[in-house]
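Note that the chains take the letters A, B, C and D in the order they are written out, and that residue 1 is the start of every chain.
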Amino acid sequence: MYPNLLLKYIDIRKASIKLIKYLSVEDCMIQCNPDSSPIKWQLGHTTWFFESFVLLKYYKNYKPFNLALHQIFNSYYESKGKKIHKLKRNILSRPSFETIISYRDYVDKHIQEMLEVENKDIDFLVQLGLQHEQQHQELMYADIKSNLFENPIDCIYHKTDKILSEHSELDFLKVSEGLYDIGVENEDEFYFDNEQKNHKYYINDFKIANRLITNGEYLEFVKEGCYDDALLWHSDGWVFNQENDLCMPFYWVKIDEEYYEYELHGIEKLDLNAPVKHITYYEAWAFAKWFGGRLPTEFEWETAAKKYNNVKNHNLLDYDKMDAYLEPVSRKGDNQFIGGAWEWTESAYLPYPGYKQDKGALGEYNGKFIVNYMILRGGCSYTPISHIRHSYRNFYYPDKRWMLSGIRIVK
Amino acid sequence: MYPNLLLKYIDIRKASIKLIKYLSVEDCMIQCNPDSSPIKWQLGHTTWFFESFVLLKYYKNYKPFNLALHQIFNSYYESKGKKIHKLKRNILSRPSFETIISYRDYVDKHIQEMLEVENKDIDFLVQLGLQHEQQHQELMYADIKSNLFENPIDCIYHKTDKILSEHSELDFLKVSEGLYDIGVENEDEFYFDNEQKNHKYYINDFKIANRLITNGEYLEFVKEGCYDDALLWHSDGWVFNQENDLCMPFYWVKIDEEYYEYELHGIEKLDLNAPVKHITYYEAWAFAKWFGGRLPTEFEWETAAKKYNNVKNHNLLDYDKMDAYLEPVSRKGDNQFIGGAWEWTESAYLPYPGYKQDKGALGEYNGKFIVNYMILRGGCSYTPISHIRHSYRNFYYPDKRWMLSGIRIVK
Amino acid sequence: MYPNLLLKYIDIRKASIKLIKYLSVEDCMIQCNPDSSPIKWQLGHTTWFFESFVLLKYYKNYKPFNLALHQIFNSYYESKGKKIHKLKRNILSRPSFETIISYRDYVDKHIQEMLEVENKDIDFLVQLGLQHEQQHQELMYADIKSNLFENPIDCIYHKTDKILSEHSELDFLKVSEGLYDIGVENEDEFYFDNEQKNHKYYINDFKIANRLITNGEYLEFVKEGCYDDALLWHSDGWVFNQENDLCMPFYWVKIDEEYYEYELHGIEKLDLNAPVKHITYYEAWAFAKWFGGRLPTEFEWETAAKKYNNVKNHNLLDYDKMDAYLEPVSRKGDNQFIGGAWEWTESAYLPYPGYKQDKGALGEYNGKFIVNYMILRGGCSYTPISHIRHSYRNFYYPDKRWMLSGIRIVK
Amino acid sequence: MYPNLLLKYIDIRKASIKLIKYLSVEDCMIQCNPDSSPIKWQLGHTTWFFESFVLLKYYKNYKPFNLALHQIFNSYYESKGKKIHKLKRNILSRPSFETIISYRDYVDKHIQEMLEVENKDIDFLVQLGLQHEQQHQELMYADIKSNLFENPIDCIYHKTDKILSEHSELDFLKVSEGLYDIGVENEDEFYFDNEQKNHKYYINDFKIANRLITNGEYLEFVKEGCYDDALLWHSDGWVFNQENDLCMPFYWVKIDEEYYEYELHGIEKLDLNAPVKHITYYEAWAFAKWFGGRLPTEFEWETAAKKYNNVKNHNLLDYDKMDAYLEPVSRKGDNQFIGGAWEWTESAYLPYPGYKQDKGALGEYNGKFIVNYMILRGGCSYTPISHIRHSYRNFYYPDKRWMLSGIRIVK
């Protein structure tokens, strides 16, 4: 996709800055839900990653920008000293936004200098740092959305024209019983350790939907009172719903019997043809049960995606190239497994056979999270185009819904 | 094992009563941890199961004992009325213990009457009710243990002589790569819906330990300061440890540099040769990592158990036949996969391919719990002998440790 | 009232036992709200008081019943060892109820032996222990009421016939401006340290109601929607109401637009002529404001009571003499300041001028509570007749309502 | 003090802006403790007060700046709509800081226009609004201090030279028993409703310290282990200390056996001669007990201050006139009752005899807080000089310590 790593580095790092074009310094300070971090912090944290894992180790005589910042931007730090709790990142008025931008520039200058000559030692680390940056770009969109939504008087990120979605008839694609290969397709491209090792998995016959469940279809579920029917829900899901008074997806708003939806451009009427999003695993599972189907396992999903995915139809934004924010629209074609919404699977996040966690801090990247999460596949409309692939395993706790999660049915 | 269901019914129901032989009415009232229920409540709840699912539906003109009790003993009840929260079952001074015993006698009389003649309709339901009763018998031991442990002046259930354990050299049993059958071995015997459908699973070569990890081996882990080494732990496990100040297994007590262990017969010096027990999944996983191995998947465990388990060596108590409490001792032989401790596996509790949840309240038995739990296999020394099998799938949240959970290593 | 301390001791200690005549051992175990303690614990705790402060110090060669019990029954104990949190007294299945009764008998035998001869040293301590016992008798009634109320199937302490209350016209008694004496009237009788030192207090003209506010009057306040009018409430009271969904007094139950009230003999229609009770300070204060008056200060109350109280009209139960439980009825006469309900005053619990707290553990009896409480005066229908007087200062946090608290208005 | 209200208005409003001279927009966003509000919010809130109570009611044809802001800046608003919880004021990135400054300018322009002509109607309301503004100026200092303190890398508000304090010998001033006048001295100046009605109070002989307790004296209390001696503390204070691990005043820092103190100019060695500050009521009370004295009642304090206060010695900053921040120094002279620290009294916040709460929203200003607080007297070094007087009653919950609270002893 990129002629060399230097150009890729420049584009991806720049994309983070384009993303905040419509935000004030004050917008970059806020943190409204326990899962989000301030944008300001994320801009520093992604930069710390490069300074800490590349420059401090491989740049000869590197003079750090300010080591005191590591205490703030290292999310893995486990020492005994004064520490900033994840939920308190919004108290960091200092360093200033301006200082963080200088920090980015300083680190970029040094990394780019290194990338101008060939340097095998740092290739993987820079690639990893860029994947990390892209994960945060997607997170920043989700965080901005959840943060601004709380504001009672002004919740718009950027006003754009809404384009209504279209969708095709729901149809089911067949996959036959057999032993399938699971894992990375192209080992020359970057992949995370948790996509490895490639291995065989025995799968029974199944049929998988050619598209995601729409807001319109989910609205039926809501209107039929399914949130009040304990028998449709996991025990934990039922408790979660009761404790949080759940009765529809996050960002849906009901005013005078009409349903609306909050997007980054504001609150508009619910787009019935768009894929439903911002739902918990519990909601996806209960919907599938009520719909007469179930969720796919991640092995079924990957096998179907490798077989059927129509890559030309994806509607992922090419953030790296983009000049300005465009509200993403739902894809129009069929057989798209990439870019609609993160699709909840019925698989828990577990290590693949033969998985090896790296030693030290980098080994913590994925390995220490392998418990209590469910797997989601396929990327969403905020996922950078160069970041997603069939074997990509995303994971969230089953009660999360601030990210763009959706439903695909299996029968 | 039993000539007929009537005799089985009589034995198993009687076992619940034998179990409380050493408890006072006051002991049966207490509830000390959020996972336990008072013994008194459990005696009523298991009885409610038979009245509600068998007698009220199949016994012609059945006159209920007292329908008001259903509100108290139905753990699945989801109506809007005055409800007893799970954590508040210790406020039920009424009905009295005596009334609950009368309730049991009344229901037993009617069920036994039904079982005296052949009755295909109720066979499955009575079997299910007895499995349910046995699950509670094991729970009652675990609950009594955790309840009495809190008492500062008297925590002994029943004084018996402690027999020190022996154990063999740690060795590893080989299983070769291939496609294996997972699921119920004998479909004529009772099994739960979650053990079905039988299916194929592809497994790579692995070697599994011939016995459980001992207290002595785990003590090394403790003494090496592994509870302070963040890199050994899951992120969630690390947080759990910090929040709960974990530094050794539940029931271990350290006095003046010596380690002791609480058992139902009191507090004695840690038996170094006995299997370590009462540990979280996080502890099992961190130990395995430190030990240079990992935990088995439930598929590996089941395959190994079916191949190697030496059934004659188990040391399960035959509660159904037993007259009095005997403190269980750790098994002495090798290749025992049954009865030492519930063995944490690296598998999350997920539905088997083709799993079908029953409709209605019985369908809730296992199906609604299929999320957020980890699988444990093999039974523990409190598990009734007639209750355990190779395909049995137990499940707990990864942070639980009041049950008898242990570790088997895979390499 | 009593010819000697021995007879008083015998009567008062016996009254605690008569009080539990209608309770089972299981009833004595429960603890339903954070303010109550199990009856069983209270029977032991009041006994510990005599053993600890009298026998261990003044009975020559006293052989303690079982010193291990002190760890459980000493509510003041601040050591580092295994300690029973106040909210966890319901886990103490051991010592058994029977053991506690033996403990009482053992201590009684020794105390009575000491009281048979004159012994100036212990007079005050025994008097204090008896006051303490009587405070717990009143608490036990309140605790039994709140504990049994939670039971969904049987909440009756003892069935008696309800006698409907009568009340007189609301009238106001005048007190003139001036410097008044506050404090103990008869220094020969027992009084607490917090009733001292007697001192002068300057009071302006005021008029005080001749009787308590009734359920009927309070019902108007409820029906006018006063619980929804923020302007009537303290800021803290408003928050407390919202967080606890308060909309009427504790124990009131509204079924199909009718109001009922829970008493120890069961749930019956609200007695409109009886004094309203079981209300928070916030409710008393908001009611008074709405009613066009205010609450009295404790100085106004005491001055009015000393001037107007018609002692012959009180309806306090003489528990010490009583054979069985009688549901207390509201008083019928006027000008009764004693025995209707604990009357919230607008005075915070503060030390009187010249107040001296005793050194050591006995000094903790009242002194360490002098902050954050409001003063209540007058005693309620559960208060033993020999326990109450005009100068008696009771105190509760302003959000408490499980005790029998009521309202008297000042203008 | 001011020739007219217009000049006073201009000065006091300007003082709020001078106060933030050393803060960034980001500094004005943060909220680190549950008692503080972001500076940005306080700048808007104090402005809302004038718009809402003066302009909207008395300025003919007033065109509001933006009514939507009322939802955010009205701290008293009790409607059902989307509301900003007090603890979530840090999520308000919008309105921007700039908008809030425009809001201030807009309201100031209109108020000043009104003040240019005589207008009896608004005099009291403008005076009240200015008092309110001054209360927030003091709060802003306290909030900035607690907010910046949390920052691990930069906690300095403004660097100034520290001037070490001096203090005189501790001596005691006598006041004789008698009936004293309590309340406002000069009824022509502004006073709050809670300082009224003036009334008589009978006071016994007492002696009160001529100065506040110093850090040095409090350090003795700390070093003698008084935080571990339960007998010195209120029951509630002891629990508070345990739950919050209190072992010294807020902002004290102990490094290698040395004590330091955080001030707005940074962390420096503890100034032993300066008055101790930032302590809870519990700490003040326990210290006084240990010291062999007690805290004064508010009546004693006021009487002593009226008799002995040497007004020329105060060191209050004249914020209204000041150009830039000066770190306040402790006073050097004796007999100063004003401006050292808010002095905890042993009086709870209760209404004076004859106190009348105004109707409606203004009535809420003080009246709805009259429960659960303790009274503090005398003002601190952050209190504007034109804001404090002998009859001024400040009030805080007894467990607060982020304000400048101190100790004066009575014997």
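The rule we apply is simple: contacts are C-beta pairs under 8 Å (C-beta built on N, C-alpha and C of every residue); 3 or more make two chains touch, one makes a residue touch a chain.
For clarity, every value in this text was computed on a predicted model and none was experimentally measured.
Undergrad: Quick one: which chains contact chain A and chain D both?
TA: Common contact partners of chain A and chain D, which must touch each of the two, are absent.
Undergrad: How many angstrom between the C-alpha centroids of chain C and chain A?
TA: 59
Undergrad: What whole-number Å value describes the gap between the mean CA coordinates of chain C and chain D?
TA: Comparing mean C-alpha positions, chain D is 38 Å from chain C.
Undergrad: Per the centroid of Cα atoms for each chain, what is the distance between chain B and chain C, given in Å?
TA: It comes to 47 Å between the two C-alpha centres.
Undergrad: Name the residues of chain A that each touch 2 or more other chains.
TA: Within chain A, no residue touches at least two other chains.
Undergrad: Can you tell me, using the touch rule above, whether these chains form a line, ring, star, complete graph or other shape?
TA: ring
Undergrad: Which residues of chain A touch chain D in their complex?
TA: Contacts found on chain A: 24-27, 29-32, 68-69, 71-72, 81-84, 88, 90-97, 147-148, 150-154.
Undergrad: Provide the residue numbers of chain D that touch chain C in the complex, in ascending order.
TA: 78, 179, 199-204, 230-231, 233-238, 281-282, 285, 297, 346-348, 350-351, 353-354, 360, 363-364, 368-372, 374, 398
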